[in-house]
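Letters A, B and C mark the chains as written, and numbering starts fresh at 1 in each.
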Amino acid sequence: MTRPALTLDPDRALPAEPTVRAIARELLAGTQDLPLVSMHGHVDVDLLLADEPFRDPAELLVVPDHYLLRLLVSQGVSLDALGVPRRDGGAVERDPREIWRQVASRWHVLRGTPTRFWLEHELVDVLGVTVRPSAQTADETYDQMAEALAKPQTRPRALFERFQLELLATTDDATAPLDAHAALEHAGLPGRVVPTFRPDALLDAAAPGWGQRVARLDELTGVRVRDARTLVEALAVRRGHFVERGALATDHGMRTLRAERLDDHEADALVVAALRAAEAGRALDAPQADALAGHLLFEMARTSCEDGLVMQLHPGVLRGYDTQVDALRGPDVGYDIPVATDFVHGLRPLLEAFGHHPRFRLVVFTVDEDAYSRELAPLAGVYPAMRLGAPWWFLDTPDSMRRFREAVTDTAGFYNTTGFVDDTRAFCSIPARHDLARRVDAGFLARLVAEHRLDLDEAHETAVDLAYRLPLASYQRPI
Amino acid sequence: MTRPALTLDPDRALPAEPTVRAIARELLAGTQDLPLVSMHGHVDVDLLLADEPFRDPAELLVVPDHYLLRLLVSQGVSLDALGVPRRDGGAVERDPREIWRQVASRWHVLRGTPTRFWLEHELVDVLGVTVRPSAQTADETYDQMAEALAKPQTRPRALFERFQLELLATTDDATAPLDAHAALEHAGLPGRVVPTFRPDALLDAAAPGWGQRVARLDELTGVRVRDARTLVEALAVRRGHFVERGALATDHGMRTLRAERLDDHEADALVVAALRAAEAGRALDAPQADALAGHLLFEMARTSCEDGLVMQLHPGVLRGYDTQVDALRGPDVGYDIPVATDFVHGLRPLLEAFGHHPRFRLVVFTVDEDAYSRELAPLAGVYPAMRLGAPWWFLDTPDSMRRFREAVTDTAGFYNTTGFVDDTRAFCSIPARHDLARRVDAGFLARLVAEHRLDLDEAHETAVDLAYRLPLASYQRPI
Amino acid sequence: MTRPALTLDPDRALPAEPTVRAIARELLAGTQDLPLVSMHGHVDVDLLLADEPFRDPAELLVVPDHYLLRLLVSQGVSLDALGVPRRDGGAVERDPREIWRQVASRWHVLRGTPTRFWLEHELVDVLGVTVRPSAQTADETYDQMAEALAKPQTRPRALFERFQLELLATTDDATAPLDAHAALEHAGLPGRVVPTFRPDALLDAAAPGWGQRVARLDELTGVRVRDARTLVEALAVRRGHFVERGALATDHGMRTLRAERLDDHEADALVVAALRAAEAGRALDAPQADALAGHLLFEMARTSCEDGLVMQLHPGVLRGYDTQVDALRGPDVGYDIPVATDFVHGLRPLLEAFGHHPRFRLVVFTVDEDAYSRELAPLAGVYPAMRLGAPWWFLDTPDSMRRFREAVTDTAGFYNTTGFVDDTRAFCSIPARHDLARRVDAGFLARLVAEHRLDLDEAHETAVDLAYRLPLASYQRPI
């Protein structure tokens, strides 16, 4: 059997055609050393505060990475064998070397996927791996990684500096205390770490535990929530706390894309009903809860016009598709599935009300690429408040990023997109993801130049804008 | 700052790969000088009748171009600043130089868009501009354009001749008198200008003013409309008038794609109800109006089998998405948004009834490219009456035209498409649009040749067919 | 007029860019001589049993090929002129030479279609045609084909051997006796011919003749069907018979993608109602029949866990779109049209119940490519039981196969797809279809190699897997 070296080719993910590749290389040279702006991360801020070494390769690369987990599961590996905890306390694999063997021996399953592209980047660049993972090299590669993890330069803060993270946003529950963020301000990091206000659990009155969360909100804000108005008021207080801690944005996921104001009486009645249901140990039914969530999302947009927090929408994912897996393992183990989303009607009330507001900024993400040219580019191509986020999640891939530019640029141009925004809880994959996006954008721009659809000087400027300036500008609070 | 020249590269929008490009160049050489057939235009026929010089660059290029307006608005420029009239009489910018400065200084916003591609073509080829527009060159480029517009060779009829327009269709309300068309027949133009029968405003009984339009129809035709039968009869009279003036086609937009005959009683009852509502100053509600419109569209197809007018359908656009903008500015200022369309069920009654009729020709356009391979190519690939129109509106772009051929040719071939059909009210952009389409088709055909999927002699013939013969043949009245 | 030669270029359907093409050639060299695994065919097994010469070129190439028929019909040729039988006994063309003239004289209509690609392959490779078909060469090419068909090496079994068919699956009604399959086991073919269990006509109680088919099922199995349980029991008996004859899979088409268990009482009641309706000469209404079909499909999946038959789903096609054509000609004459399909909700009950079952294998096909990246790749990329079938029917084309890999590989990799599965009733087109798929996959893999996204040794292995090993493994009964 072969034992091929693992290396990163300097031309990886650039177009093959020599003329286009030469231009792409040149464009990439102009963006490759730019700092990283990571505005939609899910890194645990305590990781940076504690700054302890990563425990082992499995904990670092496998167990928390639902992209990787799902591909291994699809080939018959159980989540138990991959060390994913069970809620019933049942035994799961605890030996990180065994977990890594599962991955290494199925390396072929990852062929052609971005997961492999990112992993290779991390293995080579951060973890000093020199041979391609396989059944035979599983232990060798494990040992190389373990050795690397023992060194001080792979500690979180050292990596933060090495990654050139200029700005890292975390995602935080609306009732999160943000103490770690406060503490981190004095830790001397070379870049900022800011929280993001994510109130999903408070906007969705059908979610279990909504009542307790509202009670916690009362406690934290001193506002007694008794109707829709006071709920919005309490949320605004928390938003203010986030702004004080440096937050630039809010983030919203939802069962159904809906952002429509109810009349006050109706909204209040739904909150009252939800509070009563919570007291009785029940929850609002889904249609009522969706109506209320739509009202509250609308109000969050209104509040954004006041406090300047950029509103991010991440609709169109059916979370916990498999109820048995969900019950046993909880969320984020690979069983979220995209669904078709109607952005045209779903966003209409929001855009009609705030789409021209000078202090409102709406960033919309999708996992449904069918909406790119039909809905999202036409909307972002006219409403000044709206920007298209980068291809998200299942679409954060070389070919899909290219398709995004090909489908969206015609109607929305480059400047109604946010540039690259990553979305990961895998800290070490952040540079790999930005690197890939910069390569794909360089390739796309290079083709435009080669086809005489864009001048080279403009392509250079656009490449820097997409990699760095637009992500920064798109999340700049206007007030 | 740089001050780059503005030129048109002879290879623009051709594929970058040298072998493919060489073939594409050769194919393009065979189509570049063919006359233009422009079968779905929105040029004002009075423009050609009056033949006065265009007033200024802003009036020519900016104010009427909703593609350009929307991109500038998306970056925070107001429609006021772009000189778009308000219905409330409020002040808008009137200095064309100021309006052009708004455009020139945001030239980067247009990067990668077809709008820029077309504009560059017009600027260089028609308006003698020699430097790339920018904040610094705004005045210089304005002056170059103003100078060009003062010359006799930029008058409408001179351009008509220079553009090699062999056939130009306008779009006309069903009650339009068509006097200008009649007058133009004797104007000595080197090509034909024909009207197109667009009865939307009479088919949609929910539209404001429907009653008055029916009254006008009565008056023009001498048919007293009192039920569905007489309404269709009156429309047929008007169609006859259009045919006399040279019309080749009808054109139809709609809220919902529906073309289904009602029974006579039901249809008559709806017309009676609509007339009564109109008398009372009201309108039919949307579901009733849609049912009636579906019936009338079906009857228009039947009438086409008699008078040979080609039926064009343009469904799937939500017009006036933003009600406030719509109220203040009216239509065609950039706020129309595509929606998903079900062609399979929507077209079924029409195709079952007339899809094999030897004198029926149906041309279907879409702004929803998701339907290309799933619905439109399979339908056009079997029904002899149906042809696929060119990629429309938001899809009239280099990459989308290429995707159209890639998605549609497999199942429908080339000869169930109409070849290129432009859709613009910007007279000067017509050659640019045809030029771009010819380039994209040359590139697509060249790839097939390079991949040995098509012989070169066939590609040559197909290129000419797509550029010229098919548009002409697709709109040939069979009777 | 020209009279060009008809040849097969060795580089046909490979990417044009020289570096990528060179790699693709190398990959193709590794798959070009592999045997064919044809797991979803519709070849009539009696053809191989009788082993008589094909009668004439029209019977071989035109009359049974609905891909070709529809393209000719779309250009105004009638099904009568193409020799397609009428149910009303009306006259249709019987002279095969005349039928071929219709095709040859419209050869340009096929430009750019896979139908032409396949036909060229058959004409050159099997039928010895040396000039491109056209009006002028119609008779010459007809004579060449007729001559070839008279030779022993074009008899079905000789071709079977020459095609290197290792495994050929037919599609068979659930009540088919399978005697021909039994007889063929002793015919000394160099490969296996196995039946596939297709129970659509028994699962859909709204289909005409359902009652008679159930009676036949009673008779064949000795199980008296009187409720849902006994219906499933009888179907299981038939499945057992198919397994004995070597069957590896079941195959299912449906009006609506639904696979949801009803409670026993409800399911039984529906069967009782269906039996009563059948006795009274009626049929169950569509919603009830769909509910019952969904229940039965679910039960078929459960039975698969027991007998190991791989379940194939082919949803999303509206059969017999044109009711008049359907009444006159019956099915499979080109009037089936794809419709949008919701795989996410449609497959959910099945995947939740059996998606992790070690003995369940589900192969899902689609004619709606919009679902690739949004629904199908995410589902196949996590459920171990699920594999994505090859691009099906309207999508079995060079560009669509490429788009499939581009859209699916990111999220599902290569190893959650089945590799190439053809779907044809045109025996002679089988090698052409596999050849094309191997070329397209070689081209896709070559691009990944050229872009340094995959190592060359891995691409070689993957190419062989997609062409041969995965189709074989995907249909291996696990028990």
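General observations
Methods note: contacts are C-beta pairs under 8 Å (C-beta built on N, C-alpha and C of every residue); 3 or more make two chains touch, one makes a residue touch a chain.
Because the structure is predicted, anything quoted here is derived from the model rather than measured.
Residue numbering shows that subunit A and subunit C use the same positions for less than half of their mutual interface. Rotation angle for the C-alpha superposition of subunit B on subunit C: 120 degrees, rounded in steps of 5.
Centre-to-centre, using mean CA coordinates, subunit A is 40 Å away from subunit C. Among the residues of subunit A, those touching two or more other chains are numbered 17, 370.
Against subunit C, the residues of subunit A that register as touching in their complex are 2, 4, 9, 11-18, 70-71, 73-76, 108-114, 117, 132, 318, 321-324, 334-340, 367-370, 394-395, 397-400, 403. Across the complex, subunit A is touched by residues 17, 19-20, 342, 344-345, 348, 351-352, 355, 358, 370, 373-375, 377-384, 386, 405-407, 409-416, 447-448, 450-455, 457-458, 461-462 of subunit C.
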